[in-house]
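Paired with subunit B in one complex and with subunit C in the other, subunit A is shared by the two complexes that follow.
Entry: the complex of A and B
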């Protein structure tokens, strides 16, 4: 393989993995704490992207400094994530915590269907993209190849910061330890006086903000359009399943594995690029049904 | 009050006779029956407490097998197309089933979704073989060796579908009452005990999975011939979601629920979708939430309540299957 292509594929893979990680880590965090797989997570990603693109576009229309587009990405993600997360947790999930697993899955699926049409109603069918942030940061030379700094510096830095931040939050702060306690053993945690409902709300909002952040950061380089949410939920599920449900650090490695696998496929076998993430997942699951980093649960009778 | 007891029979009769009076209804009802077959497949898996978010892949696989057959052998017979579709979807179901029956709940649902997304992407990308998003045309096959004109073919297809739907209902009903079907329900209630009885849960689930794939495939072949064109959309996740939706709407307590759900869904969609094209998914989502939260036994449950009310006894409450 041409060394230039090799470098390009690696860079693409890292940039892509950073975005997928942000979405996947939110998904896995929510699952770890609440034992619910949030299918609507893909919609959070897409809506975060739409909101960020609209905000950045309106900033450039209003002739404000284009540098404002960076805080705009963040604000859009936080706003969308917090609003959607709160509404869905409060008015929907709260009623189904005691129900069967199948029904919980169906409820988040219904939320996903509803949000899909919300996107259609608000943003229509044309793709959105806001390229200002990419243009502003310019390019850097990586081994003689110019590559845009937004994708190869900013995105991975943010992903690593989120990973380290989450680790610190979950292990070193009281709120984080409370969340970990509920993850480990919900009943005992409640018996110790922890308000599990509050923990659920906080976790769900954090997860939703992370998904929306993924979408917002994707909007400068990806055309945000209908159907993106479905692709992302399946892909981030592949990442989360490969790592093992509930594994935060594992999700980072799995995202890197799948991101690199996909970008190499784009250059080597372009017809199969959509297949590669699932092939990786299937291969891993064939040999380790619990995922790479998860510990097998004991059978309960 | 007797009327309530005969309601299902009256409805079946109405479905069979109405197209004679209202010819354009044939196409809509044929689509409803085809989807009903796929929904029946989803219902079989719901018996085991598993939900598949990717069953449209079997629908699409057999629809495309019909398209390829018609392209390869112009003037193939409908019977051949239906059989080929069942073989094709059954084989695909066996291969994918070998993998997915190792998993339950979230993994089962999402792995099915992942496989269906792969099939969808392949159908769309390999445009030199599958025609990409434009799809492929499906010519009109002969009917038991007869070359029928368009309207008489549509009539024949409708009554064939009705017959097949009836046969499928009977078969699945018998299957669910059999020891195999009871073992399938046991996967949902207590899988570990099932294994202690010496019965392999994976094996049972695999059999059910192949059966449900074949049912979905049968529906897919009918749709392909009925519409005269196949597109990757047949295998898109929205279609799979539709099947799950109809299964929950109909209620999984009885096999007829699948078809009751499909008929109501298709008729409402026929009239309402044009008015509410942009919010159709949203309406489905809200109705789905409503059913899950407030009437989790679906149409079958409502009918049973009604029947119990009519006969004066209290209905026996059944959980959602």
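Entry: the complex of A and C
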């Protein structure tokens, strides 16, 4: 392979991985703490995207400075994530924590489908797009090929910041350590007086905000349309399963692996482009059924 | 005795007429399948909105032969099985007089044999696969618009006429039947009419893919003279926007045969000089009809009610409704003014000529519609906040549609350069 193409494929892979990581890390965090595979995560992603696109469009309609679209992306993600996360955790998930896993999966799947219809009702069927942030940052030339600075600089920087921020939060702050404790051993943590309910709520909201942030950050580069949430939940599940459920750093590496795998496929064997993420997942799971980074599960009595 | 014989003959004749002429119904009901959910609802919803306006107009003018028409919509987005069971229900339980199905070519293929079983008139109002009438023949199934072959061939002819010097091409199509089939048609004709063009990349990203960055990087490095994409909906919006952002549209000539349906959404991001089409002569500024009062009235009403200008599925549903009306009127005339039976309406469809919102279309003996194709190139007009079409060419459908009874691939392989001399009308955009 031509060394120039090698660099191009790597850049494309990193930009793609950054977005996938943001969504997958929320999914894996929620699973790690609550042991619930939240299918509605895909809907948080889509609604975050819709809300961000609407907000950015209304900013440009109102003739405010287009630079306000950057904080708008953040505001939309936090608003959507916090509101949806709180409501769904409080009124739906709280009733099913003690139920079977299959039921939990079905309930979040039902929530996902209801939220898909909500998107249809609120935003209609036409794709939404707000490209201001990409245009503002312009392009950078890499060996004669123009790249969006938004995609190859801003997105990876945000992904790394989220990764480092989460590491710091989970390891260095009290709330983070409490969450880690519940992840490691729920029964003991509760016995020590940790309010697992509160931990669940906080974790779920953080996870939901991350999903919405993924959608919000995707909205300048892609049209937000019906069906986008389903696409993302499948892909981020592949990332999470490859990494090992509940692994934050693992999710970053798996996202990178899958992002690079996909972009190299487009250059070398474009026919396999769609398959590559899942081939990587199957290969990893064949040899490490718990995922790449999963630590052996402690025996639970 | 003689008198008695005459009387019985007269009675027999009356009885016979009674069989041929059905009772005039209170309403004529049609079932329409279209996407009202999922990505393809960008086509279904405009068609549905248009059908309401068109039926309102039609019924105000007395309906079809004095009978008002109502439509029942079925969502194709709920899946092929749902479409089939709803189709059955509408025909057998509700007793619809005709079905319009469908947008998806896959659904058209499933529905066609079912229409034969149920003996119901089925108008394929939007689907594009050319294979339906090339691989089978049906009594009850008709298509009131062109198919993929003339749509792709006209696009290629426009490219060859306006950019004859290109040497390399890349394709980026959605990875499903339409994306694959349309490239097969285009590339077969290309090999025939301009052998020696290098195909530098054949990319089929997943249907619904949100991000084409990698494909775009690769195309930027390959620098093909022409990039073809038959994608539509959000996929096309994304591909075009992301290509514009990265400067790909400046390096290569883009050819986008379904772009007419995305122009308003892309807005002023759309560069000038992109070759675009709309699956027929479908355009809200149709150069031959834009000053026609009826055409104008429809466009204005549609714009007032939906906030958008109509796109090609609107024109397709108008053609289907116009064909239905035409068939009933033809059958009524053939029936000496009496209301026709269902079989008589089906008989009337063959050879029917009708006009929706574009040029006249006719139904061939194999039930395929023959429709002219318009291709143009984008340009800006300050009167619109999106790109409009310029240098439009209208290709005659009869010359670019596979002859009845022939397979498209086999026919395309017989094409010669003489097709490039086809007389076409060219129109400039009038500001």
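The rule is simple: the second predicted complex is superposed on the first by the 290 of 301 C-alpha atoms of A that agree within 3 Å, B and C clash if a C-alpha of one lies under 4 Å from a C-alpha of the other, contacts with A are read in each partner's own complex, and residues count from 1 in each chain.
By our rule, a contact is a pair of C-beta atoms (placed from the backbone, for glycine too) under 8 Å apart; a residue touches a chain by one contact, two chains touch by 3 or more.
Here the structure is a predicted model, which is why all the values come from computation and not from measurement.
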item: Side-by-side fit of subunit B and subunit C on subunit A, or clash; value: clash
item: Which of subunit B and subunit C A:266 touches, first, second, both or neither; value: second
item: A:114 touches, of subunit B and subunit C: first, second, both or neither?; value: first
item: Which of subunit B and subunit C A:95 touches, first, second, both or neither; value: first
item: Subunit B versus subunit C as contact partner of A:83, first or second or both or neither; value: neither
item: Touching partner for A:136 - first (subunit B), second (subunit C), both, neither; value: neither
item: First, second, both or neither for A:5, with subunit B first and subunit C second; value: second
item: Touching partner for A:15 - first (subunit B), second (subunit C), both, neither; value: second
item: Subunit B versus subunit C as contact partner of A:274, first or second or both or neither; value: both
item: Contacts of A:231 with subunit B and subunit C, given as first, second, both or neither; value: both
item: Touching both subunit C and subunit B, counted on subunit A across the two superposed complexes; value: 120, 231, 271, 274
item: Subunit B-facing residues of subunit A, complex; value: 31, 37, 92, 95-96, 100-103, 105-107, 109-114, 116-118, 120-121, 230-231, 234, 237-238, 241, 245, 271, 274-275, 278, 281-282, 285-286, 289, 299-301
item: Subunit A-touching residues of subunit C, taken from the complex the two chains share; value: 36-39, 41-42, 44-45, 175, 201-206, 208, 210-211, 213-215, 217-218, 220-221, 233-234, 237-238, 241-242, 245-247, 265, 269
item: Subunit A residues within the subunit C interface of the complex; value: 4-5, 8-9, 11-13, 15-16, 19, 120, 124-127, 129, 131, 134-135, 139, 145-148, 151, 218, 221-223, 225-228, 231, 262-263, 266-267, 270-271, 273-274
item: Subunit A-facing residues of subunit B, complex; value: 46, 49-51, 53, 99, 102-103, 105-107, 109-111, 113-115, 117-118, 121-122, 125-126, 192-193, 237, 241, 244, 248, 278-282, 284-286, 288-289, 292-293, 296, 320
